[in-house]
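Next come two complexes, and both contain chain A; in the first it sits with chain B, in the second with chain C.
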Partner chain A sequence: MSLKTIRPATGFKEYLPKEYQDLIDDGPFLRQRKVSELGSFKEAIEEHPMCAGCAMTLFIRLVFVALPSLEHTVICGTAGCGRLAITQGAVPFVYGNYGDTNAVATGLKRGLDIRFKDQPKDVVVMAGDGGLADIGFHAVMHSWFRKEKFTTIMLDNEVYGNTGGQDSGMTQKGMVMKMAPTGKKFEKMDMLGLAKTAGVAYTARISTTNPTRIANTIRKAVLIAREVGPTFIQAYTSCNIEYAIPTPKVIDDARDVEKDRYGFAEYFSDEAQSYWDESEKERKRLRKAAKKIK
Partner chain B sequence: MSQDVKEKMESKAKPEDAKTGAAAQRVVDPDYLILEAPRKKEFITGSEAAKESVRRANVDIAIAYPITPQSETMQQVGYLYAEGYIKDYYRGEEEIGVMSAVAGASRAGVRVLTATAGPGLMRGLEQIVSWPGGRLPSMLLVMCRVVNAPLAIQPDNIEISYLLNSGGIVLHGENQQDFYDYPLIGFMVGEKPEVTLPVAVAVDGFFVTHARGWVSMPAEDIKLPPRDCYHEAVPMMDNENPPIRISRDSPIQKSNFISYQMHAAWQQEIWAAQERAKKWLNRWLGGLIEVVNPGAKTMIVASGAAVSQGREAVRQATEKGLDVGLIKIKSIRPFPTEELTEALEHAEKIVIPEFNYVGWLAKEVKAAIDRTDRIIAGPRVFGGMTMPTELILETISASE
Partner chain C sequence: MYSVAEVDQEICGATKCRLCTQFCPEGNTILYDEVKGTAYVAVDRCKGCEICVGICDDLAKHHAIKMLPIDQVKNGFDISKVGFKRTLVDSE
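Our next item is the complex of A and B:
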């Protein structure tokens, strides 16, 4: 999508909804927005029908700010709470069958690469822990083994939120859930370890405590996926309904869980590390050059 | 790696020479490629016929997963990729993954192909039946075999019955010739703006895929025009459209009357698109049905390999002085209701031989025509059995 595509024909703009005009004049497209700018520009997503205080919605909002080229991004999702918000974003959203995200994204990314040789198109999978670690597990793993160049973001609320509180593979051992009446019998799945084993270029574990860090991590993951290989972000996005977290305490919970067992952790493959170091150097050089000109 | 293995691998890599193979092909009008181009006959297997079809189909990406009796075809398609005829090709993780990736590729706007059989079709079914609702043009080749269990790989086309209510177009080929022609026609019909639907081309496994038959084909230096994805019923998922806060895939997320109405209208539209496909199928298939001996008192109605057996039965019956005709149904979806009604108007007896236990074609015909007491819903063979023409002739005479 270029500015040409977004801008309405002369004389037509005033008849478009204000909402659309704002997206063109002061929107998130064609320039990287910062978390510090939140509240001062028209965001890609503004409304959602998810539960009040749901940490997942905060995280999704930040993803829409962080994506490095929103106008050339397609998001793949699936059944689960997250898609209720993601579909409200002004970015194409593929709503597949439950658990098919990483296989759909494979076909989509390869197809876009065939059609757009000179314009990188970013494909980002964003789905729940059940969608990625349980029903979509084989598709996730194989997209990693095949080194498909897209980012997978797990919205890990450690439960099947959308169907009302059943345990997923990402639920902690011992938790009593709707389909684990005597407590879940096995450990939380180590998806980060599996990602590393499968050769994922960059992984990150993150909680919803630090918006700038979330934005930087998302950006990093998408840029590395574009150039190097698959990337994976596992984000703790609590379900305040099923875990009975009072709405005002959602961020406190995120801090506690982060301190206890969900600390920020990154992993780079050698190739991803050297790509990232190089591109950081290049960005610094460009910033310096820009300053000089000023 | 030994030197000769290395050389072999390198020789399979895409050719550098821009004047051979794919690069030498020129795009021609579909009417020319399908109907007009001069053809030569070759004696080849069904798998080879499918390969030659794909060679001329200007496919962007093919996604493969092995299953007998399909594997050979997608291997051959892999060679086409190695020769530069196809831009991308890979073996998927299994059929759910493959059919999902087909959906992704179609949304990206490229021409996509896959193939499967029996248990593979069953495994991929959740994805396959969601393609029409996604309005995703694509090509699925189905080489019918027994559906588990007990496990068997023998020919049996019961799996087609699972595709009947999907909303996708379903063609059933009789022989190697059809397996060359139908995919090319299917791609063009499915991608028409007023159709925008996936197409499945089914043939009966082994009888068609592994046996040889005469196939007439135009030269290999011509191909179909590429997919024109911006002239279809829905926008592409390539982010080249003006931004809107609604996704093409899921306008129907709420539980209220507006969303019920939307879903209902969406479903009606898929089946209306099937009706609109008839015009193009008629043009390129030469009609949804073929009639042999129109006006005969006894009519055999069949699809797929049963048609060939029906043809032979007609020949033998005619030799004996019996008045027997045949209707070949080429398109199962859309179903040729009007055509059948007309072609069977005069018939006193209708015999429907099938290669499956449930008799799905007989049920379809019964639902389409009047005076259904004329129908003899058989003979049927299944589980790998062949259908001797005597069986059809006996069925005809037993009911005298």
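Our next item is the complex of A and C:
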């Protein structure tokens, strides 16, 4: 979607819903917004039916701020909690069936690259731990082996929250859930290790404690995916319903878990590191040049 | 009956910290008035999760946000009726 498709024909604007008009006047398009600007512009994400105080919602909201070119992005997802909020954003959402999100994203990315040769289009897969690590596992791994150039973001709430609390591959060992009364019997899957083995260019593990860091990480992942290869972000977004976290304590819980076992960690492949260093240098040069002109 | 967040604009206006706008899980619910320099809440969107209260009390240490039962909110900002506003000064 480009800004052209968002702008209505002359004379029609007043008949559109108020939310749409706000998006045209004060929307986040054409310019990269910062996290510190939140509250001063109309966000791409609208009202949505996710639970009060859900950390996943906070993360998704920050993704919509962080995406480097919102008007040239397609998000691909699947069943799960996340899509309830992602579908309410002003970014095209493609609903892959359970299990084939990364296969769908592969086709999308290749098609978009053929159709738009001089305009980079970003494809971002955003789905839960069940959708990516359990059911969509084969498609995820193969998209990494094939070095498909798109970003995979896992919203890791460590449970099947939408269906009443079954344990997923990403649940911690020994955790007793509503629909797993004997406790989980196996270790949490090491998706970051698998990603490294599969040759992913950039991986990051992050928790919802620092909005600016989340935005920077996502921006980095999408920009590296554009040029180098697949990127993967694993984000701890607690399920306050299934893990019975009182909503005022959601961020405290994220902080505890981050300190305990989910600390921020990123990994660059050699190619990704050299690309990122060079592009940072270029950005600094441009910023200096812009300052001189001012 | 449910409660929504209310920002004490006098305390908030003196700080300009904007932390609550970054941690709210809902889009365009805690908004920021650039002219007055304070945060304010769209009462029709607030789900009452109290994350902003924790952020304001523990992280920012300003104690400017309190939960208030919805029927006691006076002149609450209603984003679904008024639409997005850069500042509250025009809408008053």
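Assume the second predicted complex is superposed on the first by the 289 of 294 C-alpha atoms of A that agree within 3 Å, B and C clash if a C-alpha of one lies under 4 Å from a C-alpha of the other, contacts with A are read in each partner's own complex, and residues count from 1 in each chain.
Here is the rule we use: a residue touches a chain if its C-beta (ideal position, glycine included) is under 8 Å from a C-beta of that chain, and two chains touch if they have at least 3 such contacts.
This one's a predicted model, so the numbers in the text were calculated from it and none came from an experiment.
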(message) Going by the contact rule stated at the top, is it chain B or chain C that touches a larger number of residues on chain A?
(response) B
(message) Taking the superposition on A as described, I'd like to know which of chain B and chain C A:Thr5 touches: first, second, both or neither.
(response) first
(request) Determine, under the contact definition given at the top, whether A:Tyr95 touches first (chain B), second (chain C), both, or neither. (result) first
(request) May I ask you to decide whether A:Val63 touches chain B, chain C, both, or neither, giving the answer as first, second, both or neither? (result) neither
(request) Using the touch definition from the top, say if A:Val74 reaches chain B (first), chain C (second), both or neither. (result) first
(message) Going by the contact rule set out at the top, does A:Leu132 touch chain B (first), chain C (second), both, or neither?
(response) neither
(request) Using the superposition on chain A described above, determine whether A:Cys54 touches chain B (first), chain C (second), both, or neither. (result) second
(request) Based on the superposed arrangement, let me know which partner A:Phe116 touches: chain B (first), chain C (second), both, or neither? (result) first
(request) Check whether A:Ala105 is in contact with chain B, with chain C, with both or with neither, and answer first, second, both or neither. (result) first
(request) Could you give the residue numbers on chain A that contact chain B in one complex and chain C in the other? (result) 19, 44-45
(request) State the interface residues of chain B toward chain A in the complex, per the touch definition above. (result) 60-61, 63, 87-88, 90, 92-94, 96-98, 100-110, 112, 126-127, 130, 237-250, 253-254
(message) For a test of understanding, state which residues of chain A touch chain C in their complex under the given definition.
(response) 18-19, 21-22, 25-26, 35-36, 38-40, 42-48, 50, 52-55, 57-58, 61, 64, 211-212, 247-252
(request) Note which residues of chain C are touching chain A in the complex, please. (result) 18, 21-28, 30-32, 34, 39, 45, 47-51, 53-55, 58, 80, 83-84, 86
(request) Quick one: which bits of chain A touch chain B in the complex? Just the residue numbers, please. (result) 1, 5-6, 8, 19-20, 23, 27, 29, 44-45, 49, 71-74, 76, 83-84, 87-97, 100, 103-116, 121, 138-139, 142, 146
